[in-house]
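Labels for the chains are A, B, C, D and E, by order of writing; each one numbers its residues from 1.
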């Protein structure tokens, strides 16, 4: 089952540069929450603070709290490595490990953590994860082929399978479809719809139609000007956001001519 | 063939008519021993090692032809049992040797006497066993850049039968510090002191012609162009023409015997400070019949006592073999050197006897 | 378009002569480049050709399986050969292996430090600069360094294979660091993030993902570094020394390597044959041996290169596309 | 299948391995500093007698090295440094344009099959040991190139650089430069080719789409892109030429002059070749002197690489 | 003024592989023609044959005719270099020359034919082209700054300025907005609308809304299966294409749920 995330007074910095200001947001378990907003407003930045991936960038740090089921991820004694096991992430461009087969890719999270898995456990896990990612039928006959031999859409689903194989409670996705063609996008969207039964999902998207199609809640981020920090402008359930937003900026944005 | 023990070749059967009598009495030597030094001796030392090891199969001897200077420095650190050197020890080196020798100071004995050939390459004239006649003064002037053409009168007069061309002379000398240079120049300086006024040393003193590294460099350079002249260990002269040097009123071309003669006719250097030293003071102005005065004498440098008795035993037996008639013959056969005379051998043997093996 | 200046584009129309001129220049430069190419190949092929033609004369099994002990002048040995390079091959292998063992772990870890841990920090920049500087250290200076170091630390007159390895490793180190650095750089950041996002520690991410992905490149970089030092002569002359017998102990006693052998044989130039010698005595055997050993050296380098390529291919990141 | 319980408070494994690994990596980074310092210090210690030792003895050593033409260390190392730089600069000058030409030929002109074959050959040539170039240069090239130098001296002799008569055999700076150029050519070529091949397609297509000819495309997109890479390749080549020992040793007839007469013999000598030539016959003080010159060579390469690095930084910025 | 292009029986090959089959299309002058279709159907490939950029890829060649105002571009005696001067091209990702300033980038093409451009001519031309690309006001104070210092959208407009500065008759654009954020996309779309007064414009786009917004005519390319050659399935004016297509495949494609 998914877990809930509560973000409190979060300020996010790259070195001295305040990239995102004072975010407060409650992300419901087992729902899909979409982040939308113009480029540079900090969607990816906020998303990455939810599993402390943000910290990988030298100098990047946060002030404020991110509570996962009430526990602050940024507490001194929390190990970011452990956080990332609970909160999985899928990236904009599919990034299977090029040296690994499909099977190895799925098992990567487990194996890299030095856990020893019996062959049959591993087989079960691979099948479970690939079925979960809607990919099993397409690849079950070639599990030992390299992962990067798959098409873009398949690769992205493989990455999702890899992420779910470590049993996270939350799944973060940063524009998971933007590098995909329409048919692959469809497959991934279908998958997201299914995954929310088991996970809490946060997805960044540029594509408002996509947000409207798959999200339960939508957060609209904005920024006043380039160089200014981004902020959470408006947060609402998706229907409200797209049909009747109570925020002028959000309305301008969702009714804008861009697709 | 199966790999020899570590790829070692058994000593060649031919050439070394095993030196049976000189070392029969001596006990067999075993162990590993190293020497280093003069590259001029290399061919001779390789032959000596091969023959010596055939009598002492348990002795492993190596020689690094790193150069006289490096050889002596290494010897003075105690890392090698002996050094080969084209120059006798300096006073400084003798006193330094106190710290490596178990007792007393190091001494040098001649082991390798070799004629230095003055080689030239001149189209139509040079060739194997072809000679030009030159006296010391002409040689000095050529190597000092005073005579620049092959058809210079000075050369013509001494070679009336040769049709000398109007080719420019290119002098080729050693560019590295060299015992060969020092010996060649001391000949020139002794016989033509007016024509050759430079200080004596192991480096080439003037800026005439071209310099080349090592004997091989000189020979290669001389071979590569028309009109060249240089000097090199005679065993490497090959197909080049060589100069017959004026001794008395005859012209003598190089040969081992002719070289041996001049050494016999030369006194020992009394100014060499230190015990047991045998340093030959070559008499280049000799007029002895059939003597060839351009000669290189190369020494072995050893201690009178070693910290390790086995090393001392080895050095003594090694030197004994090297200067023996057999040893000298092996060198003469394989390196074209001049075997030392019995008189000289007697003096050398006396020094060798001084090595304490107990 | 409001406010834009009015442009008379006919003025910028290419004239016929201009077009012709550009064409001519294009053809001329193409020609020049091809000519440069051919001119350069002449000496390069001459080097190869000379070595091969002169080298094959003496290159046989006997030459490869015997050392130079017991070889007297130009006379044949008991085995029917004229001495060989077995000792030099062993010396080359051991000394190079020694250099490899020193420089590869340090080099790779140093590049890991530069790329993974401190990208862009001041200290890293300083080290990057020093690595660049180090790649310019002349081989003879490396030799002098190893020589001085052993003289001071072990004692004067020390010659051994390991001393040579130290000198060579100094030459290999920057090459290894730089090539590994390049290879680590081109590992997409995506992969690191993917690994971190799976909750994998940094150390395992680096060893299992980053280094593994970069492995083919690193290996071929290392092999090229070997190929570069395997031909070094001057630094080995002053550190590893020269010996005619086979020495398998890297840490004691002198060792001959192939390039040193080539140089030593070249220096001998000729040998004398005693009057009594049979016709089997060859006076210019040293030069023949030098060329044959040079050919072996080239073949060794060639094989190393091929292995490098092969390894790169075998370990290559597999892809079906 | 997912567990309810958060694992946040379970310690993640591999923490100590992480720390150790990081420590080792840091150590290896710092080691580079230590090594270079060690190189400098060991050479410096060994060369110390030059400064702290008996100056009379030093003078005697240097006079014996030079036959009395130099009396102190700076007089000795000056012409050597000059010769080193002259030879290397000439070699680079010759090799640079040819290398760029070949690299362009391989990366832009040659059809794919030929390009791959040529690349392989160039890579192999880059690995040929310098002692072989020395052998070849000393034995094959010296006699072969004399007629050419003779021609140059005759018709271009009015240029001071080519002042005749050309030395025969041609054991001159000119010949050595050619050999070194041949030697560094594959090195520069192989690096230049690699950067040229990496020119983004997009840049090349941008140029062609503007109506550029092939050469113009190269000028617009390929050369600017490759500039910093080619500069560092050249510097690598220059470094190699500066430090080359055996090829120079086996070919050049040395001299100790500040001379530009590259067709004449006995004009210049390089530091590296001089060390190799004098080292075997040098006594302990002589070795110190030679190590002193080695230190100077080290500093020269240091400065050259430093400048090169600055250049590449500027170009790529 | 723009010129018309008529493509007749064009087959396009990569080596032996027939990538696009038998294309016939008439591109009207001073109109915007959009190419749409699923990934891999050959949109870019066809576009690139219109200025012989196709030929740059080793082994690539065509059979058939491309007539620019009646003149076959592929005639033996036509110089591809000349063709590319008349037919400009803008690429998917902005590609200003990295070593050049903004000003030099704009002039890069012109300088090829005019070695000695007077300063005032050059100034005028730069201003004209940058105004034409809607970029003048943003960069007029920093013309000597490097071109790659600009934002993505600005870079793309700089590339358009560079392309128009050589005064082509036709402008080809391959997904010019796909790497841009919505605001930059808007700027480029506005620009295209203005440019069609002077040029014939052909644009490849993944984004159907974009095609609907800016194109006068739309060509729908399709392919039967991966590995099969692509082909022109349906060509119509944009209104027909999106509202009332007379082709089943096209209808399925434009009415799909993707956007």
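Simple rule for what comes next: contacts are C-beta pairs under 8 Å (C-beta built on N, C-alpha and C of every residue); 3 or more make two chains touch, one makes a residue touch a chain.
No experiment lies behind these values; they were computed from the predicted model shown.
If you take subunit C and subunit D together, the chains in touch with both are A, B, E. For this structure, the chains sharing the highest number of C-beta contacts are C-D.
With centres defined as mean CA coordinates, subunit E is found 48 Å away from subunit C.
Per-chain CA centroids place subunit A at a distance of 51 Å from subunit D.
Each chain gets a centre from the mean of its Cα atoms; for subunit A and subunit E, those two points are 35 Å apart.
For this pair, subunit A with subunit B, the centres built from the Cα atoms lie 84 Å apart.
Under the contact definition stated at the top, the residues of subunit C that touch 2 or more other chains are 22-23, 199, 201, 204, 237, 266. Shown for subunit D are the residues that touch two or more other chains, namely 12-15, 139, 213, 216, 249-250, 279.
Multi-chain contact residues of subunit A (touching two or more other chains) are listed as 81-83, 85-86, 113-114. You'll find the chains touch as A-C, A-D, A-E, B-C, B-D, C-D, C-E, D-E. Residues 64-68, 138-139, 142-143, 146, 167-169, 171, 249-250, 253-255, 265-266, 277-284, 286-287 of subunit D are the ones that touch subunit B when the two sit in their complex.
The touching residues of subunit C, when paired with subunit D in their complex, are 22-23, 25-26, 29-30, 32-37, 39-40, 43-44, 46-48, 50-51, 105-107, 109-110, 112-114, 116-118, 123-124, 126-127, 129-142, 144-145, 148-149, 151-152, 170, 173, 177, 199, 201-204, 206-207, 224, 227-228, 230-234, 237-238, 259, 262-263, 266, 290-291, 294, 297-298, 301-302, 304-305. Against subunit D, in their complex, subunit A makes its touches with residues 1, 3, 68-69, 71, 73, 77-79, 81-83, 85-86, 113-114, 128, 167-169, 198-199.
Residue ranges of subunit D in contact with subunit C, taken from their complex: 12-15, 17-18, 20-22, 24-33, 35-36, 38-39, 42-43, 45-46, 97-99, 101-102, 104-105, 109, 121, 123-125, 127-133, 135-136, 139-141, 178, 182, 185-186, 189, 213-216, 218, 235-236, 239, 242-246, 249-250, 272, 275-276, 279, 290-291, 294, 297-298, 301-302, 304-306, 308-309. Touching subunit E in their complex are the following residues of subunit D: 111-112, 200, 202-213, 216, 220-221, 224-225, 227.
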